[in-house]
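Each in structure tokens, the structures are laid out below.
What follows is a pair of complexes built around chain A, which joins chain B in one and chain C in the other.
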Partner chain A sequence: MLRRHPLVSSLHGMVSVLLPVVLALAVGAVLLLALGKDPLAYYGYVVKRGLLSPTGLEASLTRTAPLLLIAAGLIVAFRSGLWNLGVDGQLLLAAVVTAALAPVLADRMPSLLMVAVCFAVAMAVGAAWSLIPALLKAQFGVNEIISTLMMSFLGVSFANVLIKIPFNDPLTTVPQTATLAVEDRLMRLADTTIHWGVLLALAVVIAVHHAMTMTALGMRLQIVGANMRTAVHAGLRLRLLVVVAFAISAGLAGLAGAVDVLGVHGTIRADWNPAYGIVVIPLVFLARFNGYAVIAFVFVFAVLVIGGESAARRLDVPTYFVLVLVGLVMLFLAVTEFLDHRRRQTARN
Partner chain B sequence: MDGLLSEAFIASLFFGAVTAGVPLLLAGLGEQVSEKAGVLNIGLEGMMLAGAFAGFAAAYATESFLAGFCAGILAGMAVALIMAVLCVVLGMNQIVVGIAITLGAEGVTALLHHVLYSRSYPRLSRVETWTIPGLADIPYVGAAFFDRNALIYIAFALTFFMIWVFRRTQAGLNLQAAGDAPAALDAAGVSVTITRFVSVLVTGCLGGLGGAYMATVGGGLFLPFMTGGAGFIAIVLAMLARGNPLWILFGAFLFGASLALTTALQVAGVNIPTDVIQMLPFAMVIVVLLLFARHSYLPPALGLPYQRGAR
Partner chain C sequence: MEPDPVGAPDGDAALTLHDITRRFPGVLANDRVSLSFRRGEIHALLGENGAGKSTLIGIVSGMVRPDSGSIEVAGRPVRITSPSAALRLGIGTVYQHVLLVPSLSVLENLMLGNPWWRTLDRAATSERFADLAELLSVRLSPDAPVGRLSLGEQQQVEIMRALWHGELVLFLDEPTSMLTPQGVEDLGVVMRRLRDHGVAIVFITHKLKEASDLADRISVLRQGRVVGEVTPGELSTMSPDAIIERVVAMMFGDDGKAGDLRATLVGDAAAPQSRQSAEAGVEPLLVLRGGRTAGQRGECALDGTDLEVRPGEIMGVAGVDGNGQKHLAEVLAGQRMMTTGSISLAGRDIGHLGVAGRRRLGVRYITDERLGEGTAPRHSLAINLVIKEIGSPQFWKGGITLWRRIHDHARNLIRTYSIVAPSERAPLAGLSGGNIQKVLLAREWTGDARLLVVSKPTYGLDLQNTRRARDWIKSIRGNRDTAIVVISNELEELIDVSHRIAVMERGRIAGIVKNRSGARTAIGRLMAGVGAA
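Now for the complex of A and B:
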């Protein structure tokens, strides 16, 4: 086959990524029309409030922090061929433990140390919640899609139990954890409302991207992802690698929860479940497990969500619409991927 | 605590177990068909939601439960058609398409609910029941099993019908072969694609019916995300049932019972946070997986698209 010019192949990559997005927006526009809304006004308003206004842009950037950390964890899991679909439970439990721990620690130690301890605990909690699916997968080959989903549902309810009983702040009427004082939360960057967790998340995604492609552990995990039998024949300790990949993936989901609590919320109310996981999964696919592409997609998604939240209040299009868009993007992504694959196969024959 | 042994408590537990168990039974039987044929149908949750919405909308508009059930079946099959075309015919990734379908169905049904019902929150009228004379008066179990909507009897009967299909019919054998040895089925002159295509539609049909049941007989109203993971529990039931519909029946009512425990405990005057009860079914799956992990059986070709001649 002829070698393609790098510019052509990168253009081709851009098209194959942008096409599903454009198609999803187009179908979304039809849906909006069916609902009796003006699609151009909706999309325009979303861009204006999510990207072009300073407060909107700050909110969008802040929202990327937990999403990027989840995505980093998913890159590790998916490149290792493991379907960690239990992100939401891992994140929420870690977030609740962080929310309960932080106000207690804040009185007893310097703020930076408190943050470090919280991050470590959150990662441990997230990783611990992935241990059962990891061991079931490593030992018996039990399908991890099912086990991680079950652990996720279990974790979400368990987090609520924790908020309502042991960690409940007696001073409030609604069940919630004690509130972390604003001055103890993650420091803001300059004069903005953006906290430094965003920078941390960016650094983690880039580090994970390079760790998976350039280090020995990353290489081993990718072999596991490519073919488990090959990994065994290559003398890799398959069981250990499966557990490690799950622990990293779930640990980063836990970190995402801690960053969201320490950076934005300061407390967690009962029944709070942002359900970030289920939307980040398609984004990571869309980026084809590439860390840099993930950053771009997560940012676009955050703009869509923040803008969509304002649009929901202003134009009466509920935020569910963003969910439909993400589902559509994923479907069209799968279709374009398939067509591309078939085109390349016919070209080869 | 002696309230726990009272007739009211036990009767309401049985009643709730059947109410909550039937959608799991229907969806689980459906998922079993496609898993047997080698398609892991992660989109089941989306099919149930679509069925729930369509079922409620039709039953509300026509004031007929039967119309609701039919609409639920059609909606579930329409969603399944997407899955069948993309995954069976075109061989695309079943997990990606399944998640996309669930997300899309969640969004679309929530959106439609917002447009149509979010101001009035309409409810359906009382459930019509078929009372079986004599049996319905048995204490403890009579009201739960013998004074119910016709669909509940149909769901029970379906379990045994599926056993017959799997064990005694050519279609059952074809299904099994499509999941265990698709190449052999192909060599025998039966199309793997058509077998799997039909199996996914059957899943959509039963999943949609299960969803319609939840929104009509079960709750009498539609709420966004109302299936709440029932589709995923049904997938687990199908995985653990090792191809035997009886295990799905058993599992569905075990889950139904743990879901019904909250209401039953309230009847008995015991107050436990609902979140603790909500953990029960999921905790039970994990325990079952831990205990029986070695025994869960999945067809060798599950999740793999079939390409004729590919090695």
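Now for the complex of A and C:
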């Protein structure tokens, strides 16, 4: 087989990622035209409001924090070949527990300790919610795609029960948890609205990315992800590793919930469900489980969401149009991947 | 059945093959095979693994095209271009493994071959089902989900599917391998009924006993060629023993010495213990006693397996695939736990240890599923060389991977084993089969090996790599610290490398034969299920 120059192959990699994005924007433009909207105005607002205005950029960066933490967990799970699609339930339960716990702890301990305790509890709650699918998978090979999704629905509903009954703040009319005072929330960076959870999330993604290739645990998980039968053959403790991978993945989803509550919301209202997981999953695929690529994609997505909200209001386009764009990117990614694969096969023959 | 040969008398050729030749890279799978299958006759086709039976089935069922030769169906020349063409010609095949959809009902499975645009015609289907059920004299509920049926019943559904478009020729590929003794008997009844109805039945098997019980005519394939035939006239006059002697000689190519060989076999198989103890009083290194495992459906588990291997000895394990060899290898390696039985290495009980624990004691296992379980093909060659050592202080420090050491280690092994690879970082999947095999040898054959289990060492390799792998096994023979178990379904290979050869049958060791002249026939008899009895 011919060996290509590294520059050529890295260019090739860039094109194979950028091409779907460009195609998706083009088709999105056609859709906008069909809706009678000006695509250039829409994309213009997205860029202006999500990226170029200071408040927009701050909001975009702030939004990356929970997305990056979820993505970090998904990198671990997906590279271990485990499809943890239940991150939304894991996140929401951890977020609700954090929201209930933080105001209570804030009165009793220094702020930093409160944050540390909340993070630990949130990770434990997230991890605990993945235990049933993990054990079912490890012990009986039950398909985790189904079991994590089902547990996610249960988790979302259970979170609502918690908000409405035990954790309900009696002082408010709508069911919601007690509100964490603004000064007790995660510290802001300089005089921006960005909290330090964003830095934490960045660090976690990078740490996870390298841990998968630089540590014994990472290699064990990757072998599990390559082929479970190979893992058994190699004498790895498959059941334990499956549970560990799930726990890390769901624990980080829980941490994402805690960061979002402690950094932004301070409280959770009943029926609040940001459904971050459903958008982060395709992004992690798009990035091919690479941590640095995930950071780039999550940032672009956050800009799209924040800018898209603003553009949607101004141009009267549904807010969900952003998801249409993400969907189109995924579609074109799959198509270019397929064509590329076929081209390479014909080239080989 | 399409071309109805007018006035064709019973016993006329339904399917005739003329000089069929098919070559695969490095193998001549069928070499000018000429055979004629007659109506109303059960024709047994015998041969070892690799004799060319599967290729022949592929050709008549439209899966494989012959390189040369011609085929006649009921006297007319035809070309069988696809499986559906074969079915339309009235040639049905029942494969060794059940190919039905377990969640669908019997009737739905039978309707699967219909073109997609046609609506499911239940009435017509039910009618044909009733006809065939009567012809086969089987009781099956058409609405039962196939997954609930016994394997014997599933096979009856397969036979129906094969006969659905006509009842000219029915190929049965190793039909008894999955069946209980009762199931084998029932199948015999069905086969005879079909024969009496005028179907040409081709019964492909390893098991000599079944062939001589059921068949009206026996043909033997060896190395892609038809090497002999026993005609109906001969079958009716010869004694069962004489038939067996004759066919064994044809199958295994060792002729004229059968009587002498039988004595060798009986002596060895009846008293393997005594022969062992006579062997200079060397204590066996590996002792497996009464090994039993729990198998999944369709798997052959161990059913009281005993095996002893002395240090420096290569014990070959022969047998038709699916007689428990896989479980035996996994039990030795620690990948599968026994339900009962004991296993010890150098006097130490290792039954409770898993793969990692046994590896530390020197147990090594080279699997035949090199890509399916032996390696992580998309990961680098270097990673694949250490996946059984992850976390060891040699390559990891405080959990951190020492990539330089791993890559150095890989480069050393690449040199030592002359592995051809672009680099130690290249994905393993890009290597050729022979080089992947070398990776496994390099990974498993480390200095402290005490028990090496090698499963089908040359499976899927070309001739040159086959020779290399065998030479390598021979080169480690006689290593005083190590017991070696080589599992293979290629008898030639075992005869080439082993000191003794055990034959597995239905999860047990049917007999152990010392590898000396005449072993081939003795093993052949054990494999063919005629044993030492």
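Keep in mind that, in the parts below, the second predicted complex is superposed on the first by the 349 of 349 C-alpha atoms of A that agree within 3 Å, B and C clash if a C-alpha of one lies under 4 Å from a C-alpha of the other, contacts with A are read in each partner's own complex, and residues count from 1 in each chain.
The definition used in the following text is that a contact is a pair of C-beta atoms (placed from the backbone, for glycine too) under 8 Å apart; a residue touches a chain by one contact, two chains touch by 3 or more.
As the structure is a computational prediction, the values presented were derived from the model and not from experiment.
In the three-chain model built by superposing on chain A, chain B clashes with chain C. Using the contact criterion defined above for the overlaid structures, shared-chain residue A:N160 touches chain B, although it does not reach chain C.
Set side by side, chain B and chain C differ in how many residues of chain A they touch, and the one touching more is B. Of the two partner chains placed by superposition, A:R79 touches none, neither chain B nor chain C. Of the two partner chains, chain C is the only one that A:L236 touches; chain B does not reach it.
Of the two partner chains placed by superposition, A:R49 touches none, neither chain B nor chain C. In the superposed model, A:H195 makes contact with neither chain B nor chain C.
Shared-chain residue A:M214: touches chain C; no touch with chain B.
Once the two complexes are overlaid on the shared chain, A:H265 sits clear of chain B and of chain C alike. When the two complexes are superposed via chain A, 171-179 is the only one of 9-17, 117-125 or 171-179 in chain B with C-alpha atoms clashing against chain C.
Taken in their complex, chain A has these residues touching chain C: 1, 3, 213-220, 222-223, 226-227, 229-230, 232-237.
Considering their complex, residues 31, 35, 83, 85, 132, 136, 139-140, 142-143, 145-147, 149-151, 153-154, 157-158, 160-161, 164-165, 278-279, 281-282, 285, 318, 320-328, 330-331, 333-335, 337-338 of chain A touch chain B. Against chain A, in their complex, chain B makes its touches with residues 40, 42, 82, 86, 90-93, 95-97, 99-108, 110-111, 114-115, 224, 229, 232, 235-236, 239, 273, 275-276, 278-279, 282-283, 285-286, 289-290, 293-294, 296, 298. For chain C in complex with chain A, the residues that touch the partner chain are 333-335, 354-357, 359, 365, 367, 369, 372-379, 383, 387-388, 390-391, 396, 399-401, 403, 422, 430.
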